[in-house]
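So that you can tell them apart, the chains are marked A, B, C and D in the order they are listed, and the count of residues begins at 1 in each.
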Amino acid sequence: MNAKPKRQHSYNQGTTLSAWREALNQIVFGSETAAGRRFDIAVIVAILLSIFVVMLDSVADFQQRYAAALLWAEWLFTGLFTLEYALRLICVRRPWLYARSFFGIVDLLSILPAYLGLLLPGAEYMLTLRILRLLRIFRVLKLSEYLEEADILVVALVNSVRKITVFLYAVLTLVVVFGSLMYVVEGPAAGFTSIPKAVYWAIVTITTVGYGDIAPKTPIGQMIASTIMIMGYGIIAVPTGIYSAELLNTRKNQYLDNRACPNCGAASHDFDAAHCKFCGHRLDE
Amino acid sequence: MNAKPKRQHSYNQGTTLSAWREALNQIVFGSETAAGRRFDIAVIVAILLSIFVVMLDSVADFQQRYAAALLWAEWLFTGLFTLEYALRLICVRRPWLYARSFFGIVDLLSILPAYLGLLLPGAEYMLTLRILRLLRIFRVLKLSEYLEEADILVVALVNSVRKITVFLYAVLTLVVVFGSLMYVVEGPAAGFTSIPKAVYWAIVTITTVGYGDIAPKTPIGQMIASTIMIMGYGIIAVPTGIYSAELLNTRKNQYLDNRACPNCGAASHDFDAAHCKFCGHRLDE
Amino acid sequence: MNAKPKRQHSYNQGTTLSAWREALNQIVFGSETAAGRRFDIAVIVAILLSIFVVMLDSVADFQQRYAAALLWAEWLFTGLFTLEYALRLICVRRPWLYARSFFGIVDLLSILPAYLGLLLPGAEYMLTLRILRLLRIFRVLKLSEYLEEADILVVALVNSVRKITVFLYAVLTLVVVFGSLMYVVEGPAAGFTSIPKAVYWAIVTITTVGYGDIAPKTPIGQMIASTIMIMGYGIIAVPTGIYSAELLNTRKNQYLDNRACPNCGAASHDFDAAHCKFCGHRLDE
Amino acid sequence: MNAKPKRQHSYNQGTTLSAWREALNQIVFGSETAAGRRFDIAVIVAILLSIFVVMLDSVADFQQRYAAALLWAEWLFTGLFTLEYALRLICVRRPWLYARSFFGIVDLLSILPAYLGLLLPGAEYMLTLRILRLLRIFRVLKLSEYLEEADILVVALVNSVRKITVFLYAVLTLVVVFGSLMYVVEGPAAGFTSIPKAVYWAIVTITTVGYGDIAPKTPIGQMIASTIMIMGYGIIAVPTGIYSAELLNTRKNQYLDNRACPNCGAASHDFDAAHCKFCGHRLDE
């Protein structure tokens, strides 16, 4: 319904652009024209290829055999994306607003590591951040319903952020206290060489990951570990419960806010309501 | 109610068959006649035995001691299933529709690996795909309610496929970004020999599997790992929440009616309600 | 409400007993009299002690040092429990019904392993089955509400048994197919020495346990493993969703079936119903 | 609404204090005045710093290099917190009630380990218990909504405590029985050196932690382990289901009203409804 206009980014509204910048804008930002769609698809293919190149470059075998080709390809993609970023800044209506928007920052992050890698060797591997740019794929493929579904998931997350903060504080307290306890009980012999490491073990255990690189050896340590495991097993129910309840609630609110009362204008009626719950007027008149 | 007709496969409708093919169809596809039931049970027993034989064949001890007998048994079962597949093609009303149907493909997949194994040694172990044929067991044992329950589960899955796609994209982004980060921070010394391997580690960690074959060794690596673990622990709530909410909705839609009371307008009556539960008026007047 | 009578076991109803057997029954089966309560508490303490003794006996250190004392204690407890079992058989109204009831079998299982251990060394460790007898603790401590809560949990489980069967069949299919695939791809070098072992690995992985004793080593194996991990991570949502929905439903049914219509006698009205949904009569008249 | 007064602790009500103790109380217990807020923030910073010092002290590298400074810092913080505890006892209205309250015990626990460490070396590491004092952060930052959300989580936990007790008893029974079974089947060769250790393994497995330090080696052991894994995978649904259902119930009771329409008798109106949503009649007439 009104989802489309909301999706139109504010940095592309307001000012009028000169003819060529407007045409460029249609191609670079829009996906309604054939040229715009082709551009978007080219960008997505380039993103996928460039991530593939970065990954290959990190595999020692390939790196040694095709060092030159990989380097060349990486800088080619970086060059292209830098050019694209420049074009976006040139043809957007409000460049500074775009640069600070989510997509603006993602676009910058997808070229920065390459230049940073000249100073800090290794930083260029963070070019995989380009995967974030793939979010555009949903828009190009006209998958706006997917973005709406994502909205529901995000709204439910935002609504439960307080409960999850409280939950995370509780988890943090548990891992610090149990970590210290295990450091005292087990000591360096079993791999608990310091409290931070013991806290790391407690996180590995309470989240049920359980690498096994550090594991209790003494009977008392194993008893304490059993306690924290069963706790972790139990409290995984907490975020799930929070989120399920919130999601059900969000979904319910979805069904609510369609009709407005013809008398008083109030909205958010239940879907089985025949009368406005505020003024008593019939809703469907 | 109308579930039975829906279950009747379209490839067995339409054309009339000659007498003997009709009789064969009753036995091979039907499970109403005594002969049809006996045939189905024989097939199920043969499937279980053949999977057992394939599994035994993969155990080195048995393989060496009973090589000839196992080979003989495997080809016996493959021969029988090939014969059965041929019979099905002969006596079905629309052979081509059957061949492309779910069960047609499964029936083919349960003999193909044997012949493929002659060219590609090892492929014959995929004969365990025969386990998919066991789906027929539900029909033979008159467990159509189970299939209806399965329908509910599948409908809820299909309804939540968009949300789960969005969720999987988010997980993929997380493991690629965190994997790259760990490759930069930890490096080959701790087993993070390439970005793909680091991404594999991130998947092992975020799903809380935690083999421990690769594990962070530096304090910074362990801090990043802790973050991804707690994230994984938290976002496991997301698919559970999605699916629970969807399942509740599917169930609710099943049980709740959309009729409104003609007197007071109240809705959300049970399916078996004849009168409005609020004002007592007949619902179907 | 009517929960108490339901809890009264059928094997203790019907026939009349002679005076002394009736008195014994009061003590052994009942927990209303002071003697009955003392007997129950003595039994519970004996169970806990005997499990403790069995556990100690399995620890090599203790076994070597206190071999005689432990042997003596084990047979003392076994003798006491055998005597108790005999007493129960003597004073119960329908001995054969008791012997086949849940508690009758548990009581037998808690002495059998000791005698079995004379023939099969090691069997005596299964005396820890005595822990099942602790179920009586809920009755003794007048925790009948706990048993009612347990009933709700069990009813929800029973109601979702079909969905869970379908789910388990799906999981079984997945682990067999993926296990075979990994056996073909990885082979004995990485620990996948046979299909059954590869299936075991698939179960360890899909349930997110992840011991790490067997783990994929080749890139293709790690890709397949990633798929099964993300699947396992996702489908853990299925039983949780099934069970949550069922539990909510059970709870809802709890609120329903209290009032009966004064006109037609129909029950299972919603708790917000003012009129019978079947005949339209007011419910509270 | 009435949440604020509830939060006012009972140990700070009743008796009147002399002028200087009242002023001290405002600073130490209150967070309304500027001085009170500054005091609270100073305490929170001191807690974070002192936990950081304790953690650093446990890292061998730092311990050896800065032994004197760390010891000095630890005793400085302990001295400050001891002084603070004394001040709280002096200026509170009912010292004994405070000492036995949750925060009173936490405040004591955050200094005790330091003195205990003089007798029992190692105990001083439990000073990390100071993290519990951070709970005050929610009050200082005026995050009372967070505490209310926490209340909802806690209420749902308390309401489901019976179900969870029953569930934990079931889990305990499973791990003891399966642990004993594995001890008999696998024996010391695979690391199952005693029943308690086998029970520890069963807990590690059923909670899906899976360290891998102990893992079954025989085919029969791996079959039993598979059973317990799938059980663990399935029954993780139980606490999640319990908690989700309880949380939904808590929330529902919060939002839904028990008023019935005086005209048509319909119930389940929203809290903010003035008119019946079915017939439009005023609800409060």
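As a working rule, a residue touches a chain if its C-beta (ideal position, glycine included) is under 8 Å from a C-beta of that chain, and two chains touch if they have at least 3 such contacts.
From a predicted model like this one, the values you see are computed outputs, not experimental measurements.
Looking at B-D alongside A-D, one finds more C-beta pairs in contact between the chains of A-D. Between chain C and chain D, two chains of identical sequence, the interface residue sets overlap only in part, with shared numbers making up under half of the total.
The most distant chain from chain B, with centres taken as the mean of CA atoms, is D. Rounded to a whole number, the gap between the C-alpha centres of chain A and chain D is 29 angstrom. Between the Cα centres of chain B and chain D there is a gap of 40 Å. Among the residues of chain D, those in touch with two or more other chains are 196, 208-212, 236, 240, 242, 244, 248, 264-266, 278-279.
Looking at the complex, you find that chain C touches chain A at residues 208-212, 240, 244.
The part of chain A that touches chain B in the complex is made up of residues 51, 54-55, 58-60, 122-123, 125-126, 128-129, 131-132, 134, 145-146, 149-150, 152-153, 156, 164, 168, 171, 196-197, 200, 203-204, 206-213, 236, 239-240, 242-244, 246-248, 251, 271-272, 274-275.
Residues of chain B touching chain A in their complex: 162-163, 165-167, 169, 172-173, 176-177, 179-181, 183-184, 188, 193-196, 205, 208-212, 215, 219, 222-223, 225-226, 229-230, 232-234, 236-238, 240-242, 244-245, 248-249, 260, 264-268.
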